[in-house]
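Okay, so chain A shows up in both of these, paired with chain B first and chain C after.
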Partner chain A sequence: MKRARLLAVVFLGLVTVSSVLASVLAPAHYSHQFRDDPDAACSWHHPLGTDDLGRDRFSRLLYGTRVSLFLAPAAALISTILAALIGGIAVFSNKWAEQAVMSVTDLFLSLPWLFLVITIRALLPLNVAPLTSVIITFALLGSLGWAGAARVVCADTRRLCESDFMLHARASGFTGFRLLWRHLLPNLRPVLLAQFWISIPVFILSETNLSILGLGVAEPLPSWGSLLRELEGFSLLSARPWQFASLILLVATVSCFHVAMQSEEA
Partner chain B sequence: MKLSWIRPSLVTIAALMAACAASAAPGASELRFCIGAQPKTFNPLLVDDDASETVRYLTGGVLVRLDRNSQKLLPELATSWTINRDGSAITFVLRENVRFSDGTSFSADDVAYTMQKLMDPNLHSPTGDAFRSREGTVSTKVVGKSRITVTFPGPIVGLDRLFDQVAIMSATSPKKEMAVLGPYYVSENKAGAYLLLDRNPNYWKHDPGGRQLPYIDRVRLDVQQNRDIEALRMSRGEIDFINSLNAESFEALKSKAPQDVLDAGVGLDSEQMWFNQVPASPLPDYKKAWFTSNSFRRAISSSIRRDDLVRVVFKGHAQPAVSFISPANKFWFNQKLQPHAFDSQAALRALNADGFQMQNGTLHDRAGHPVEFSLITNAGNKDRERMAAMIQQDLAAIGIRLNVVTLDFPSLIERITRTFNYEACLLGLVNDDLDPNTQMNIWLSSAENHQWNPGQKTPATPWEAEIDRLMREQASTLDAKKRKQDVDRVQEIVWEQQPFIYLVNKNALSAVSPNLHNVHPAVLRPQIYWNIDQLTLGNEVATAH
Partner chain C sequence: MSTLVKCAARTLLVVIIAGFLGATLVRLAPGYGVAEEELDARLNADSVQALRDAHRDRGTIFSFYLRVAQRMLHGDLGFSDAMQEPVRQLIAERFPETLKSVGFGLSLGWAIGLSLAILSVTARSAAVDVGTGLLATLALCTPAAVLALLCVLAQAPGRIVIAATIFPKVFQYGRNLLLKNAALPHVLSAHARGLGRSRIFLRHTVPLAAPQLLAVAGVTVGIAFTTAIPVEALCDMPGIGQLAWKAALARDLELLVILTMIVATVTLVANSTAELLGKAAAHR
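Showing the complex of A and B:
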């Protein structure tokens, strides 16, 4: 298991470094259209060929990895913080407030979030730069994806509050912020970390879903989701296996996150 | 252990069999194809989108029908008709013993009711716009049950052809617009998923052998925005035809089954972009000034490489567009006009003359605002998304930042027709007829589909006033030469002013399953199913012919 985790971490590290160095490694800018060379096969100039507008696929994969890999953890951070706050409020408030908070959580869990994201995106201002648009998309995903994690955090916080060591801490005179900071949060950390790691692949896949619907990252910025849209060209795939590079990278990265996360939980 | 496995399986099989039995009668034939969106309305008078038009065509009964192949008018609910000398009144003799799908009788009162609704200014019927050649009211005179005269305030050219679009509604049926006279009626509507149209049991038409039409019992319209999935379903045999294919799917299907695809050459449809020129829109004043500037619009147009759009996006299955009339429309197309040539230097010179200046690679207007705007288009239409991405790069070359935004179709329609909260839009125009008179609902400044600034009380610009005058004039004279001159002039004005920046005219591409018979593809819409009541599926062909 340790070996698998090591491999996963090394892979994630390599992917992260290459995406950070995209501007150095990429043969062309992600938006440059080689219009005389659309749908080109692999070559020295274009290691993964070009897309239907003649854009270098390898460059777009590097930049797209940067977008998906950096913004998904940011969205996961937002949702985990929200989950911690909302789960914590539910436990530390009175019974009526707890019921209200949990009802809101259940409501969020039952909402068809994909449609909700689509609706909210349609209401946003149109004239925003692609990068801003993608940040907004991930922020939306983060701020709507806290409900499941909040339930877990709430249950774990309640369990901890009723535990012997917390009773002992209270009996020793610890109250309020000190009790929270010194005793509760350190014990809640594994749960929060697990929720954070679980959320990352979920948000990567959510952005992918939005992009496949044509509602994800705006042109010309690439993301894994927008790169996966190429795979909709069903009949051409067998002739162009290199189009699967984005899918393979996505599956490998999400799998590595899971391996890393399992070890973290263990 | 075994028994407990078998019992639920038997229950499942029984449930599946029951479901199958409920979904279709034994031996019932079902034609399947896709529509791009949920129809916006079932009211045939309010149709202004492709999906609603499909439902109207399949369900609506009309007085006369244009044969899409011969382009001649055929009698339908009217057995004969006469137009008066100046083209301002038409008298129909109606078919007798015809009933709506719900059993209500059809009479001249229904035609009078439909005309009254159609021309009601409060209804804002896009179909009704084509009949508005002059200000005034429309009167109807019913003589008995089967004769009616409709009189318009002024002459209308091609008056009888316009009735091809007018589905007759029942004046008395409690089902209102859901009671229809066409070959099918809407039996089930699962919003966003599918529509089922069942054969109208009261449809009046029979084949020469006395068999009631249509031959196919049921039509299933699957709502499918994604054209790739539509093509995939076609290749799997899950749908029977694709009325209009995009170039990528066409090439893909062609590589697998070249006999199933057809490129009929340049079609009537166009792809175009336009700027929001609505005075009451919530845009800043400086942007309104850009968008209403002719120099600005022309500069944008000159900066777009249309040849690249044709070659890269449409794989050569298109032509650079010139005007609102396609070169396929040989009589009405103004042969003197050429597509706007790509010339980014000329565009920059024109912008400089208009007060725009390039600073550090970014174009700024007279007041120093960087030139940046958003272009909305419908999500899921890959061709438009690609065109938008190419235009984005073309405009970047003259220092303009274009933000491409894809929206789901209802949100897009909401913005361009109600809130006007958008800057530029890229969409296509579907042409149903060769006669430009049917485009009155776009070109009249008062029309609801006058997209860049719809529903004007008085024309906002002198050139729009001139278009109004010319379009009304051509619609009210029977002199073909004069009409041609008027329409040519309108094309010149549109070419000069570019309220719509025409990009390409797509070729008419389609695919038909070998299982579907009696298909006669036409350039006019609906290309494949225009003779829907004559189509047959599979082994039914023997009985139909």
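Showing the complex of A and C:
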């Protein structure tokens, strides 16, 4: 299991480094069109061929990886912070407020996730600049995906508050911010970190679903989701298996997140 | 009885709150009360003003809620600008298709997930364990929209994508639960007394897992409806998932909010039923 985890972490590291170095490793900019070479096959110049607009697929994959792999953790950070705040408020406020907060959490949990996301997404303009569309998509995922984590944080905070060491800390005169900063937060850190890591693959998959449906990242900016939209036009007769490169990378990366997390739990 | 009343009250409250939030979204959305015909360059200023007057909502936000609630209580769910049809008619036409897909996906997903979980626990083989685990991880790590695209390419029915998203969750949860129950002292004691493996499994391990599995059943209903959106949109199936996608692209918020409320109600009812059944099973 340790070996599987090590392999997963190494793979994730490699993918991250290559996406960071996208501007160095990529043969061309993600939006550059080789107008004489649309829909080209694999070659030295274009390792994964070009798409129907003549853009180098390998370059788009590297830049797309950067977008998905960096913004999913940002969304996970937003949702974890929101979960910590909301879970914390529920525990430290009075019973009525706690019930109200938990009811809102239940409401969010019972609303079907994708229905809620596309409803809010439809509220925002669809014809925005590509960079804005990326920020909107991931901010939306982060701000709507806190409910499950908030329940876990709330339960754990309550457990910690009732624990012996907190009682001892209170008896020793620790109160308010000091109690929170010195005793509660360090013990809550593993739960928050676990929620953060669990959210990353969820947000990567959600962005992919949204972008394939045309409600996520806008062209010409690539993301794993927008790259996979290309499969809509895939024909078994054309026999271009390299079009599946982005799918393989996505599945491998998300699997590595799962392997790394499972090993952590074990 | 009191649990039933509590569940019904909770569902009703959540639907009212969701409706209230949905109506707020529609009312505060940019472009609310603006007619698309206003963009027609052939219209003169008076015509544009007449159109604006016809579409403008003169009341306060509370009178808007009241009107929406009254309309809904009379069974009028409004008119979809994007689809040019009454919302009620659209839902009546498309909901059965989604129910069929969700029902098929849930049945198949649960059958595969539970079978694999039982196989993984009872076979006691590393190869089976790794094989089933890999299959579940692969399904869990592939987006539903990609599975739907692959179904289109393979000319397979899109409904199996719903099953493919349900089974890994059922498998993982079911397997962990059965393994935990198999290690309980009374199960170990039954083994020590020489009872048959299948008898122990059916009489002692499975009944203990039933309440928790029923709770998961409620959750999987929500997942199935969520998966219906990419499946119906990409496999061209005329259900409410496809309708929601079209409404999102056309920014038909009124239709989207009603669809979300309906699906939320179905999910809540499923969750509450699963909870009640789970409690009943636990009492036994």
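Following the convention adopted for this analysis, the second predicted complex is superposed on the first by the 254 of 266 C-alpha atoms of A that agree within 3 Å, B and C clash if a C-alpha of one lies under 4 Å from a C-alpha of the other, contacts with A are read in each partner's own complex, and residues count from 1 in each chain.
One rule holds in what follows: contacts are C-beta pairs under 8 Å (C-beta built on N, C-alpha and C of every residue); 3 or more make two chains touch, one makes a residue touch a chain.
Predicted model only: the values in this text are computed from it and were never measured.
Visitor: Would you mind checking whether chain B and chain C clash or fit side by side on chain A after the superposition?
Guide: clash
Visitor: Using the touch definition from the top, say if A:232 reaches chain B (first), chain C (second), both or neither.
Guide: Both partners, chain B and chain C.
Visitor: Thinking of the overlay built on chain A, is A:111 touched by chain B (first), by chain C (second), by both, or by neither?
Guide: second
Visitor: Who touches more of chain A, chain B or chain C?
Guide: Comparing chain B with chain C, the partner touching more chain A residues is C.
Visitor: Kindly classify A:128 by the partners it touches after superposition: chain B alone (first), chain C alone (second), both, or neither?
Guide: First partner only, chain B.
Visitor: What is the contact status of A:164 with respect to chain B (first) and chain C (second): first, second, both, or neither?
Guide: neither
Visitor: One more residue to check, A:255. First (chain B), second (chain C), both or neither?
Guide: Second partner only.
Visitor: Tell me the contact category for A:35 with respect to chain B and chain C: first, second, both or neither.
Guide: The answer is first: A:35 touches chain B but not chain C.
Visitor: What stretch of chain C clashes with chain B when the complexes are fitted on chain A: 42-50, 114-122 or 258-266?
Guide: 42-50
Visitor: Both chain B and chain C contact which residues of chain A?
Guide: On chain A, the overlap between the chain B and chain C contacts is residues 118, 122, 126, 213-215, 232, 234, 236.
Visitor: Please output the residues of chain A touching chain C within their complex, sorted ascending.
Guide: Contacts found on chain A: 103, 106-107, 110-116, 118-123, 125-126, 201, 205, 208-209, 212-215, 225, 228, 231-232, 234, 236, 247, 250-251, 254-255, 258-259.
Visitor: Write out the stretch or stretches of chain C touching chain A in their complex.
Guide: On the chain C side, the touching residues are 10, 13-14, 17-18, 22, 25, 29-30, 137-138, 140-146, 149-150, 152-153, 222, 225-227, 229-230, 233-234, 244-245, 247-249, 251-253, 256-257, 259-260, 263-264, 267-268, 271.
Visitor: Which of the residues in chain B come into contact with chain A in the complex?
Guide: For this pair, the touching residues of chain B are 226, 228-229, 231-232, 235, 248, 252-253, 255-256, 305, 308, 311-312, 372-374, 376, 379-382, 385-386, 388-390, 392-393, 401, 403-408, 411, 421-423.
Visitor: Touching residues of chain A toward chain B in the complex: what are they?
Guide: 31, 33, 35, 38, 52-54, 118, 122, 126-130, 133, 213-215, 218-220, 229, 232-236
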